[in-house]
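Chain IDs A, B, C, D and E follow the sequence of writing; residue 1 opens each chain.
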Amino acid sequence: MSTLVLQDQPASIDVVSAQRKPSTGRAIKALRKTLYRSGAIIGFLLVWELVPQFVLEPASKVFLPPLHEVLQQLWKMIISGDLATHIAASLSRSAIGFILAVAIGVPVGLVVAWFSKVGDFLNPLLEVFRNTAALALLPVFTLLLGIGELSKVSIVLYAAFFPVLLNTILGARSVDPLLIRAGRTLGLNSFEIFSKVVLPASVPIIFTGIRMAGTSAVLVLIAAEMIGAKAGLGYLITNSQASFLIPKMYAAILTVAILGFAVNAALVALERHFSRWARA
Amino acid sequence: MSTLVLQDQPASIDVVSAQRKPSTGRAIKALRKTLYRSGAIIGFLLVWELVPQFVLEPASKVFLPPLHEVLQQLWKMIISGDLATHIAASLSRSAIGFILAVAIGVPVGLVVAWFSKVGDFLNPLLEVFRNTAALALLPVFTLLLGIGELSKVSIVLYAAFFPVLLNTILGARSVDPLLIRAGRTLGLNSFEIFSKVVLPASVPIIFTGIRMAGTSAVLVLIAAEMIGAKAGLGYLITNSQASFLIPKMYAAILTVAILGFAVNAALVALERHFSRWARA
Amino acid sequence: MMSTIEIKNLSKTFQRTGASEQSAVTALESLDLWIQDGEFFTLVGPSGCGKSTLLDILAGLSSPSRGEVLVDGAPISGPSLERSVVFQQYALFPWLTAAANVQVGLESQARHGQGLNKAERRVRAHEYLSLVGLEGVEAKYPHELSGGMRQRVAIARALAHEPKVLLMDEPFAALDAQTREQLQDLLLDIWKRTKTTIVFITHGIEEAVYLGQKVAVMSSKPGKIKEIVDIDLEDRLSVDDIRSTRRFGEYRHHIWTLLHNSNQQETDTPTGKTLVTSGAPA
Amino acid sequence: MMSTIEIKNLSKTFQRTGASEQSAVTALESLDLWIQDGEFFTLVGPSGCGKSTLLDILAGLSSPSRGEVLVDGAPISGPSLERSVVFQQYALFPWLTAAANVQVGLESQARHGQGLNKAERRVRAHEYLSLVGLEGVEAKYPHELSGGMRQRVAIARALAHEPKVLLMDEPFAALDAQTREQLQDLLLDIWKRTKTTIVFITHGIEEAVYLGQKVAVMSSKPGKIKEIVDIDLEDRLSVDDIRSTRRFGEYRHHIWTLLHNSNQQETDTPTGKTLVTSGAPA
Amino acid sequence: HGTDLRNPDGTVNVRYEGAANTVTLIELASALGYLDGIKLEWVGNNSSGPLSIQNTATGETDIGGAFSGAVVKLQEAGAPVTAVVSYYGSNDDYFVGFYASKDSGIKEARDLIGKTVAVNTLGAHSEAVIRTHLKAQGLSDDEIGQVQLVVLPPTDTEQAVRTHQVDVGALSGAAQVHAVKQGDLREVFRDTEVFNNFNAGEYVLRDDFINEYPEAAHSLATGTAKAANWAASHSRDEVLKKLTDIVESRGRGEDVEALQYFNGYGVGKNAPISDEDFSRWIPWLNESGIVDGEITPSEYYTNEFNDLANEG
């Protein structure tokens, strides 16, 4: 709601040098700010620790162990290297599926956007697939591609593909035609218009799709791993649950949460990097 | 890629009356266009019908029956009313969870955006939750809320809440401050600024979130129904699979696809309606 | 319907907290100004000299750091329907039709119990849309209108609740030259009919001379009034192309010189000045 | 570096296929024009009279429906580095720095084997950024620049590969009045130094007179040249505020009258004309 | 399925799905050295019999086991598989029981009308047993239809019954012992009340696997039967020690604690398959519309590879 639109830019130009020696007053202020900002998380963790211990009846407590038990379990798994194995399994699956989705989705999206005939032709089918919940297709993937890595990577690919594809199409379609005209007058041929104007201009919107794809990839992978896998965080969750290792289950869920957060943060950072030229 | 930006608007103003009596030539053209546009879907359905019959070996054919068998099964379920029951179960769950998500997400989002202190406080926690795959939490929901409707509606609510919330925050934050200034000079008080300027100005971005929430709601519900349900399309899929009623399973998946498409189309229409004032 | 504005020793300083040390920008310093009842008062000055800052204070959208601003003897305590604002970027509510936009202020009045009822408001909106030469666009949304039409709606909206003062911040800057001239004539016509006090900010010398009874020339860093020029021209609308007359050219030149000198020190590097032009459409 | 442009019996019709029946808009009809080597040629006319259409054809971005356009005797077959364009909305590539933007045309040249190497291109970019008064902004992205600076970069970009013709479509319309005057002077200065042929479209009579050696006044529906006015003024940059002089006022008035008459029938309803102002920033 | 399953050392590589915290019969057989010429390859865990044999049918695994009724359904659907040995059953030690909360007032079949019953998977053992039982207790089809089945992971079932989210839960094995130990549940009935002791499910092999590697089929079937006999004939402590060794050595991050609830495989001596094992379910199969009229049980299985069964 800031009406102070002018503020940022000139300030950041003038003060680059002054910024180098932050005063202690500023450090304290920054610390207080960080504390304030983490307040909600700390509160949540406290509730998690205290409510099971002091509020819940013992029977329910079994199913909602206090935080420290979960952290103990998490620590054990870190030490033993178990956690690393599961994370590696999940990460590699989602990374492969996700990277394939980007590698296929972006070029296909650009082509579809550019050749509007192709777009007209494919669009309805894409719309139908896009709106078909990936998890509804999980049995089909298992039937057709088996229960191994192939079907897991494929379902991640499927889930991540559509956000990338559709945002690429959207991005390429919403490129300012003026930039294309400018490109043409500057001697760019069709292919150069494509690679030097349309693609870079679409980057911010494509990245929105990539970020959505990241979220989808993790979500769907967890579900896929819950059915027929021998490693991975989804497997760890269901397997722990099936073994009554409830703290272990929560530790796995916590790991998923942290991982999801990290993946998103990484993608946001990447997006910032590639879109830094976009209007502030 | 159209450079013909001027075209649409004047044409649609002048020709409203002329449009009433389309010539046959136009009708044929429109038909051909529709056919062309459905080409990919028709092609896909043909492949589905023919490949199982003529390409696959019998063992695989069991698990990928040709389209007509699936349609027969679908028809049977429509006639018997079974399908309606399952659709009703799924739809009501996702509708309740989804509507709650909107009903809670939009006001909370507006408040968070308006009171930036609240936003600073809540944001990190929201970020963590948002990036925690809803399905990883499915066991927790089951443990804490049971296996009944409550936990299913809750997980839909959870999955749909964050897209709505975050887009509302984004929408409200990106309201042109100029409009707020204009509102103030026109005698609006703080609450009116909120309800008459910030809210309507955020509608298009909020709706993007609502559409994403719709997709999430369906996706997560299907997964939730695969565990601990006695009706619903997710249940129908797993149940049919477990009983080796493979055409029935495909019929259920087809229904999910159509439903997902319809839900999305409905939300897009709603979005169009509410955002019709937005820049064309 | 009219109002006297007294500005006494007005200063405005902006604190910048973005960086490690707080730096302050003095946008306006010890500014005195007296604007009479029903006057058409224009204000020219280089970019960043504080024109918008002054207008914001008059509108009640921000408050002075020092000094006071009195309207009819009473200090300004916030935005008010008595002082309407027209912005460069129209600032229409895009989700409201033209007529609904014009009625926003009327509805505020009604909520405070001193306004028109619903039917009367609709009639009033129609009336003011006609005043700005827009009939039959009541049901159109802003995006269906051209830039010139949008600014007309904005003017109708600012006038519909019959404020004492109309504050305008470069209202015609985003329009093409010919539409701009049309709207200038329209504004003069409205002013003559309603005799509302108008404070009009512009970058255009020609526009300032054409519209204003008085043209205040500002200098920047810190923002001050350099000179106030009384414009004594015959009725603009009755003369064909008054802008091409000799007298007009003289006023034009006089103000040009004032601005040119005040700009001198800053314009040494051609980039120096434009850096501050943050208001230009991107 | 210079070029003669011959326009013979040029017509341009747009088909509109949006509706049930195809309706055609005739944007230009039987237009003849002759623009000489190194001339500064300005074009004024009401909104929608076909100015941009004409410029697009000159740029090779669209093709005539009838008639022909010859540059140095050869017909235009598409966009070419020989004819650069500067657009109203800058059209800089926002993901490239100022220097990189300026080098786009140079790189195209290099790809066709007739250009500079990488180091030379960088030097050239610096050279042209200096020419437009921008030094030290090489590494800045467009969003870090003011409107005036962006348009300077766009001009540098258009000139860097040394085209024979510079086509400008209301390049200064989005700028504030004072920045606009600065850039007008800059452009005159560059023109005098490079003697590039310039075709400059504007809505502003003052701008047309100030810049042009010849001002073509267009009328609309269908777009035609109404009259070409030779402007015979002393060197603009050597006289203080030439715009306020009597002779300038006379040219101004003459063109004003031409435009005013040609507008007459359409301007009866004040909305009639502005409806077509689709180019105005929203 | 074309893939050559033979390892360089001449053994046949057999892919199978296990179950968390449990040692399946073939795993036990392998550990006991009963699987000559076989190398087992674990491809993951699975808690659903139908999915297990589906994966075998599609060639994802080479051996899978499920409830007899599911085996019928899979073959009726056209999948080329054959049952070769029984791998679980119900007896006094191992059985599927149906439990209600003690304060629920559910005591007999009639009390189930309008109630919900949690089962581990649909279309399988628990469902078939409960339907058959209700019918035997004289409930009408309409009344039976009012008993709602809900799929729940066994670990959730206990808590779901206790908190009345479901009225009755079907439990067997470790989950059953764990739940009953708390003392607040009442057994409504168990499957052995319906059929006495019986073999309830079979390992199936793909027909092409059988044709290609008959000696492997032989080894799997006979080894399974031997392992079942071993488990039945040794003391609980000995069996538990063996199972614990197996679980600890395979490193799947499981919970050995759960093994203390182990109570056998329930399969009869020598693990043979009989016509009865299939025909028992005919009424239920008919009623659920999966098969029409009579079936020929002998089409579904063979004891040919189970040497012990052949010995009698």
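The criterion applied here is as follows: contacts are C-beta pairs under 8 Å (C-beta built on N, C-alpha and C of every residue); 3 or more make two chains touch, one makes a residue touch a chain.
From a predicted model like this one, the values you see are computed outputs, not experimental measurements.
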Chains touching both subunit A and subunit C, listed by label: B, D
Contact-richer chain pair (by C-beta pairs counted) among B-E and A-D: B-E
Copy pair subunit A, subunit B: interface residue numbering same or different (half cut): same
Subunit B-subunit C separation of Cα centroids, rounded to whole Å: 46
Centroid distance [mean C-alpha coordinates] between subunit D and subunit C, Å: 31
Where subunit A and subunit B are represented by their mean Cα positions, the distance between them in whole Å: 20
Distance between the centres, which are taken as Cα means, of subunit E and subunit D, whole angstrom: 83
Of all residues in subunit C, the ones touching two or more other chains: 143, 278, 282
Touching two or more other chains - residues of subunit B: 5, 9, 63, 143, 181, 238, 241, 279
Residues within subunit E bordering two or more other chains: 51, 54, 58, 153, 156, 159
Subunit C contact footprint on subunit B (complex, rising order): 9, 176, 178-179, 181-188, 192, 196-197, 200-201, 203, 276-280
Residues of subunit B defined as touching subunit A within the complex: 1-3, 5, 36-41, 44, 63-64, 113-114, 116, 120-125, 127-137, 139-140, 143-144, 173, 175, 177, 180-181, 212, 215, 218-219, 222-223, 226, 233-234, 237-238, 241, 249-250, 252-253, 256-257, 260-261, 263-264
Touch list for subunit E against partner subunit B, complex: 48, 50-51, 54, 57-58, 70, 73-74, 76-80, 116, 118, 121-124, 148-153, 156, 159-160, 163, 165-166, 288, 290
List of subunit C residues in touch with subunit B within their complex: 59-61, 78-81, 83-85, 87, 89, 91, 93-96, 104-105, 108-109, 111-112, 141-144, 157, 161
Subunit D - residues contacting subunit C, complex: 46-47, 133-134, 137, 143, 146-150, 170, 173-179, 182, 186, 202-207, 240-241, 243-246, 248-250, 252-253, 256-257, 259-260, 263, 267, 269-271, 273-282
